[in-house]
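Structure provided below as structure tokens; questions to follow.
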Amino acid sequence: MMFFLKLIQSIGVGALSISVGLLFMGIGRKITARIHRRYGPPAIQNFIDVFKLFSKNSISHGFAYDLGIIAGTSALLAAVVFLPVGQINLFPANSSLIMILYLMTMAYLGMAMGVSSSGNPNATIGISRALTMMMGYKVPFAAVIFSVYIFARTGSLTNIIAAQSGGLLNWNMIRLPFGFIAAEIALQGMLGEKPFDMAIAPAEIASGPMVEMSGKYLGFGMLQHAVGIFLETGIMVNLFMGGAPNVWIFVIKQFELFFIALLVNAILPRFRVEEGVSFMWKIPLLLGVIQALIVVL
Amino acid sequence: MNSNLIWLVFTPLIGSAIAAILYNYKFLDRLITFSTFAITLFLVFGTHVGQTYSMNLNFMGRMIPLSWNVTHLSIFMLYISIVFGTILTFYSLMDRSRMKGFLLLLILAANNWIFTTNDMVGFFFAWELMGWASIVSVLGGRKERKSRHAALYYALMSIGGSYSMFFGLFTLWRLTGSFSISSNLAYLSSIVGVHPWWVLGIVSLFFVTFMIKAGIFPFHTWVPMAYAYAPDTFTPFLSAVMSKYGIYGMLLFLPISLMEKGMPTVFGLPWVNYIFVWIGVITAVLGTVLAFFQDDVKKLFAYSSLSNLGYIVAAISLFTSVGVTAGIYHAFNHLLFKGALFITLAAVISRSGTSKLSEMGGLWKKMPVTFFTFFIGIASAAGIPPFNGFGSKWLIYQSMIKQHLLFATILLFLASTGAFLYLFKAFHSIFLGQLSHNYDNVKEVPVIGQIVEYLLMFAMIFFGIQPGYILRPVGLIVKSVGLNPLAVMGNGYVTGMFSNVDMPLIGWSLAISFVFGFILFFISAKHKYVSQEDNYTAGQIPQDWGLTPETYQFSWKFYEPMEKLFAPFYRIKIDGFFRGLGDWTRITGSAVKQVFVGNAQIYTLFAVVGLIILVIAGWVA
Amino acid sequence: MSIFNNAALLIGVPLLFAFSIPLFGLISKQLTKWVTLLTISFNATFSLYILLAHKYPSIVVMGNWLPPFGENLYIGPVAALLVSLISVMGLLIAIYNLWSIKKGDVTRFSVLFLMFTAGASGMVLTGDIFNLFIFMEITGISSFALAAYGPEKRALGGAFKFLVVSSIGSTLYLLGVTLIYTQLGTLNIAEIAARINQTTPGLLTFAGVLIVSGLAVEAELFPFNGWVPDTYTGAINGVSAALSGIGAVSGVYALFRIAMTVFGKDGTYVSSYGNLNFMAVIAVLATATVVIGELSALTQKNVKKMLAYSSMAQMGLVAVGLSIGNELGVYGGIFQLVNHSIAKTMMFLILGVLVASGVGENIDDFRGLWKRSPFLSLAFSVGAFSMLGFPLFGGFWSKFAIVGASIQRGGWYDFIIGLVLFASIVEAFYYLRIVGYMFSSDSKFPKLKTPWTPTIPIFILAVSIIAIGVFPQIVGTFSAQAASEFTHKMSGYVLNVIPTIAAH
Amino acid sequence: MSEWKELADYFRGRSMWMLHYCTGCGAIELPPTMTSRWDMERFGVVPMATPRQADILLITGYLSIKSLKRVVYTYEQMSAPKWVLGFGSCTINGGIYWDSYSVIKRLDKYIPVDLYIAGCMPRPEAILDSFVKLRELIKKGEAKGYEKYVKNFEWYKANQDKVFRRTTPVLKKPEEVTKSA
Amino acid sequence: MLKHVEKLRGMGLEANPLKDWEFEVSVPKERVAEVLSYLKSTGFKAFIHLACVDWIDEGEFELVYNLESYEDALQAVVKTRIPRNNPTMESMISIWGLCQVYEREVHEFFGIEFVGNPNLKPFFLENWMDIPPLRKDFNTLVYSEELFEFKEDETHGIKAPKRIEHK
């Protein structure tokens, strides 16, 4: 019985993550439009897009292509289940951050396998750019995660949230300021927002990995991006803003972070890959290292 | 007293003799190799902890006691190495690679002897035997000239290593008068408090040998050449099992350093261990960085096993219960997924005929089973949860954080991300992308190979989901070494310091989300399959211009931007020291040759001068 | 102590037949080779009988004058082992010569060969330093002539160098012997050894220096071994096999018989009579030989020259072993001596067969030999691995013992063995390079057919290497007894020869 | 299943992703429609980089025979519910190139066009209006160009081959033709 | 600029300035190469354009070579007349290599045979079987109606576009 209850709850969390992610993307498009002084699509535009995509026919390049793209989305959904969302914490005992990060790598591996098995060189170039960029932003992010680990002397997110309870002042955001800034920039890279979206550059490599995705595969890609937004911002909230008493505050906090990323996205042009990686290894890494030194000494 | 141990060593020797005789009947030779491995496996089932056996060797006019005893560690190592060897030889039944059976059996004999011996002479004899047998088998690689250079380089390093063990062996013998390892170790740990520098000197003599064989930072330069140019079916054994001998040696000397109380500690670790942790971390990062830009696939995976060994050394040299468990667990995992990767590579190379990444591509259509094994192999090598690589990497991070080694953990995490990068590059360049037309008639691996691949796939997933089966014996080893073992709560759990990971739960959540994915996939509009040429590459259809459609596989300079970033690091040649030493000896050699210039007067001059010197010496004394 | 008369036959029979061969020569040239073969086989069976039936120690008295006065032959464990080694090697080389010596002056070759083996066994057996000089001269002269044998011009050059240097060596040795004779009035080794301390130390050291440098030529130690590479490469392969297999053995034995028994103090013989410690001197020279021999072999492109340098270096290694000073060292040295002579003879014979069937002496001509003649290349690599001291081959145990002894001795010897090990890494490089060339498969030439007769000795030698490797006791027990004889000067040697003499 | 079709059509109408084949002088009209002054994104229309992802194929001007070949190739790469918008008079009747020997006169003969936007380079308002019209057509179920293409596939292919693979000279009186080699 | 005109007149050609920076020379067919190389030597390094005019009623083609000299910013227009039926002209590749492309284009659209031009393959028009299109006697309207058949065809669901009134 317990298993069945947990199953329902995890489906709920999965659905929540998809809908919140799509909502964030819709609102994001609205805000970017507002920045461009135009009206922009209705906030639920992304829901419409997803439904349209799933109703369109599509072409596929073999079972590795289908398997890969489905794996991409479902691995992220599996990772979301372990994320403590507000007061819903399905598996408190083993919500270890490293495990969630590695499950996300499973999603990237799945998507990468699917996309590059299509045989379109644009797709593989996109993937190689995305992976190089991942190498870029993972370095400061790792520095921050492990300094939080050592600061809170624990590896599981539930304990980290518990360590930050009680008022705004002892949020990690305040106690580890440099770490938060470095993580914020790394988040920009993780979400694939504008300065770091060289992987899906429509002009240079015909929208990179998505070049061969049509119909429902593009739908899966969009779902993966949505769940990815929810997951990454969710991790940041749990790490730095002390989780949330209930789901709505959690979503609002997530939106705060996403909002910053949106503003940066609307303005900055796109980096070249090596510029992006070397940027990530200059200032954010420096901040992360300073934070680590502070924590260790 | 159990003669079973002796048979462990002698059956492979007899087997290798038979294999040597039947050398030119290719299939018979491989059949014998496989059956000998199977018999030895059967024998290992018979051995159990605590068995001892001693035999006297008539040497130097007196009787030297050769003794064997079986500890938890040796049983563990015996099982994993022989099981893997059986799988490998079963696979190589059908692979016409140039691997010589009798050499592998010699190595197997040495392998059994090293793991069970309790005396230095036996250990050294088996170490040297394994050394030269592997040198000669590396010699038989596909590319003549290159495998000869690789074999020579490897020979110099491993012989240099065994000579340093020679020194350590006999200095210990001079101090304690006996050859048995256990009593010598006890002696060393007793005098460690009195003058630690002495103990350090002797232990470092042994550790040089183990680091060379395992391919750790300062002595890693031979690893890529030897792995890349060894015969295709020998590299799995070379990289998966033989690199573990170095680790086994380090584990042997573990108890001594535990007692080092007198040592000044850094970060709560004796400073020696701290250095070794950093050596491990440097090897891990070095392996990853060098692996990015390799075009030869076996060299790429050689660097990857280099970096994985860096992980193991970093974890073991922490000497905490979590660290050692993580190290040994990762050693097992590395053996499993690296073995699987190299076996699939052997299959791919034997089918496609080339080992260059830029020449392959799109093979997943032709070799689906190999494709899936390779996929699961790189997934577990990158440490993705449901597969077996994750548990140990996670434990290593836990152990490092517990010791507050923050920067080492960051670098290790960086190395593991880098691992994902070059693993995907290999995966893409071989299997994904466009299938070039000269591979149109590539067939799948024959049935034997497929059975092996299914077996390996199952093993990787099983040990990923149920790590308990490995953690329990590893716990016994840790207890035997004197640390309190990790609590193993049921088969599915990997318990770390702060939280634990329930692997079956991850498996379940993945499975369920996959089910949802498939449901969504099938209820939405139908899709049609399309050939590889029909993709939007924004180009003109070649047929219209009378050209034959060319496939364009993006695999040359896969991480070109990254190369620009790492270019400055590549100028420092790491193996400059060893090349310099080689050139120096060559120059002195030719200089010395001038001595024998070839006419009688000079020789008589030498003789007279020698005589005069002796007379003066006599006069002075 | 049974006085055993027929031990003298070991020297007598070969000499007798050596001088009667010209008579057989008249009947037919080929017959002479068979005669040499028969005599050496007699020698071999007889010495093996002595060795295996444990018929030693025994003394042979010439003209029934008792030892201190008349000359005597002393057959201790060392002598028995070395004589059987010399004669077995001689036998195998004679079988090889059956096939290789066809044209040219066959009778002269057989005479010289028989004299050579007789002289070598004489050097090993004799108990009298002057007798030692005579046998050294016999071996010397016959080896010059043998070295000069053969069509190539460089043979003459090599033989001439050998002649010049070894004549200097023997004259020095003779001077030393006369000095001792003036001091002690006796030529018998045992008596000199017993009454060594009656001489004035200054004079003794001078005599010692002369003798050691004289014998060093034959034992190929550094400053005196200039002749080795040219002579070995100059001589035809059968002869260079004999030189390295037999000549070197007797040379090293003579040097260490004098250095240990005569000059050494009993038991530890670390410090010796006279004020110069000869053991230390020899150790230094020997290490120099090893290092220089290996280094100069490194850049050699010609396999025969490489084998010459390597045999010089191996002799240096044996000398290092023997000069360490503890029983383990001597054991290792003698064991290595046996292993080296087996392996080196085999390699030279293989080279001879290869050269005869058209394969050049250069390394590149060895490329792909595996495809052309598996048996020869396998035998060559077995010999190479035994030289390198790989397990399952003879060389492992001896090198193990030498390194063990020198580390056990400690002090300076750690540094010495360090150098030797570095040199043996270099040796590993150039041997494995040849093995590498052989196993590489890109050879354009047809398959080689190896003639039947030379394969017998090569096969026997290869099997014996592996046999020693797997069961070291075969040679181990005898070299252990030999080691005890060398190290215990008084009880081992002197008292056996002259029971009455009391050590002063 | 019909209400499911209606729901799908509703969504298809609201989110139309456009691939514009910028030929002729029409291309310059598109940036203003995308950017803040006219903002076509309000209607859920987003420019896409590849035909695989696109629903609408907007042909913005005259098409020579060579460029028609590329258009047909791109059209066939798009997936099923797809529509073609002919933009400007050149696609309707060849526009000012009505008598040119190389420009096709009527796009409709080669690929099914759902909606034409008249005007010799219509203004962005016309484009937005066409999107709204297309949405109604889809809702009413009349925008069935893609099915028409499948049904009359041979006919379309014949027209295309007539233009692409001519074998006989078009004009009748060849006698004073001085044909070069 | 006048200096050039005088010189050319001296060579027996009728040359007259068009603008203060441009002058034209009409040259008989055979002397074109000579004039062009002369002009090139006196500074007209750049070959700007080769055009062809179809005087159908005079039954002649007129080839117009435009040259320019950058130093003294002058443009020269060299004209020549060649008969209309089976028109041939020697190729100027030897003087300017890039003439090959212009001559290829003129050949494709006017059918003038350039002797010595290696590369006279079709350039713009794909499998064109009719008379070169830019000739005056080529009726483009008939061609386009014949090829593109601009008429409705009810049977295949192609109706005349229904006009949707803008509300």
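Note that the chains take the letters A, B, C, D and E in the order they are written out, and that residue 1 is the start of every chain.
One rule holds in what follows: a contact is a pair of C-beta atoms (placed from the backbone, for glycine too) under 8 Å apart; a residue touches a chain by one contact, two chains touch by 3 or more.
Model, not experiment: these values are computed from the prediction.
**Student:** Not counting subunit B, which chains belong to the same connected group?
**Tutor:** Leave subunit B aside; others group as A, D, E | C.
**Student:** Which chain's mean C-alpha position is nearest the mean C-alpha position of the whole protein set?
**Tutor:** Centroid comparison flags B as closest.
**Student:** By the contact definition above, name the pair with the higher C-beta contact count: D-E or B-C.
**Tutor:** Result: the pair with more contacts is B-C.
**Student:** How many Å are there between the centre of subunit B and the centre of subunit C, using C-alpha atoms for each centre?
**Tutor:** 44
**Student:** Averaging over Cα atoms per chain, report the distance between subunit C and subunit D in Å.
**Tutor:** Here the centre of subunit D sits 99 Å away from the centre of subunit C.
**Student:** Could you grab the centroid distance between subunit B and subunit E? Build each centroid from C-alpha atoms only and quote it in angstrom.
**Tutor:** 74
**Student:** Measuring from the mean C-alpha position of subunit A to the mean C-alpha position of subunit E, what distance in angstrom results?
**Tutor:** About 62 Å separates the centre of subunit A from that of subunit E.
**Student:** Please set out, as single numbers or ranges, the residues of subunit B touching at least two other chains.
**Tutor:** Residues 525, 534, 536 of subunit B each touch two or more of the other chains.
**Student:** Can you name every pair of chains that touch?
**Tutor:** A-B, A-D, B-C, B-D, D-E
**Student:** Residue numbers of subunit D touching subunit A in their complex, please.
**Tutor:** Where subunit D meets subunit A, its residues are 7-8, 11-12, 14-15, 17, 35-37, 39, 41-44, 48-50, 52-53, 55, 78-81.
**Student:** For the complex, give me every residue of subunit D touching subunit B.
**Tutor:** Its residues touching subunit B are 50-52, 69-70, 73, 77, 80.
**Student:** Can you name the residues of subunit B that touch subunit D in the complex?
**Tutor:** 525, 534, 536, 540-541, 544
**Student:** Touching residues of subunit D toward subunit E in the complex: what are they?
**Tutor:** Touch residues, subunit D against subunit E: 65-66, 92-94, 98-106, 108-109, 116, 129, 133, 148, 151-152, 155, 162-171, 174, 176-181.
**Student:** Applying the document's contact rule, which stretches of subunit A touch subunit D when the two form their complex?
**Tutor:** Subunit A reaches subunit D through residues 29, 33, 36-42, 45, 48-49, 51-52, 55-59, 202-203, 206-207, 210-215, 218.
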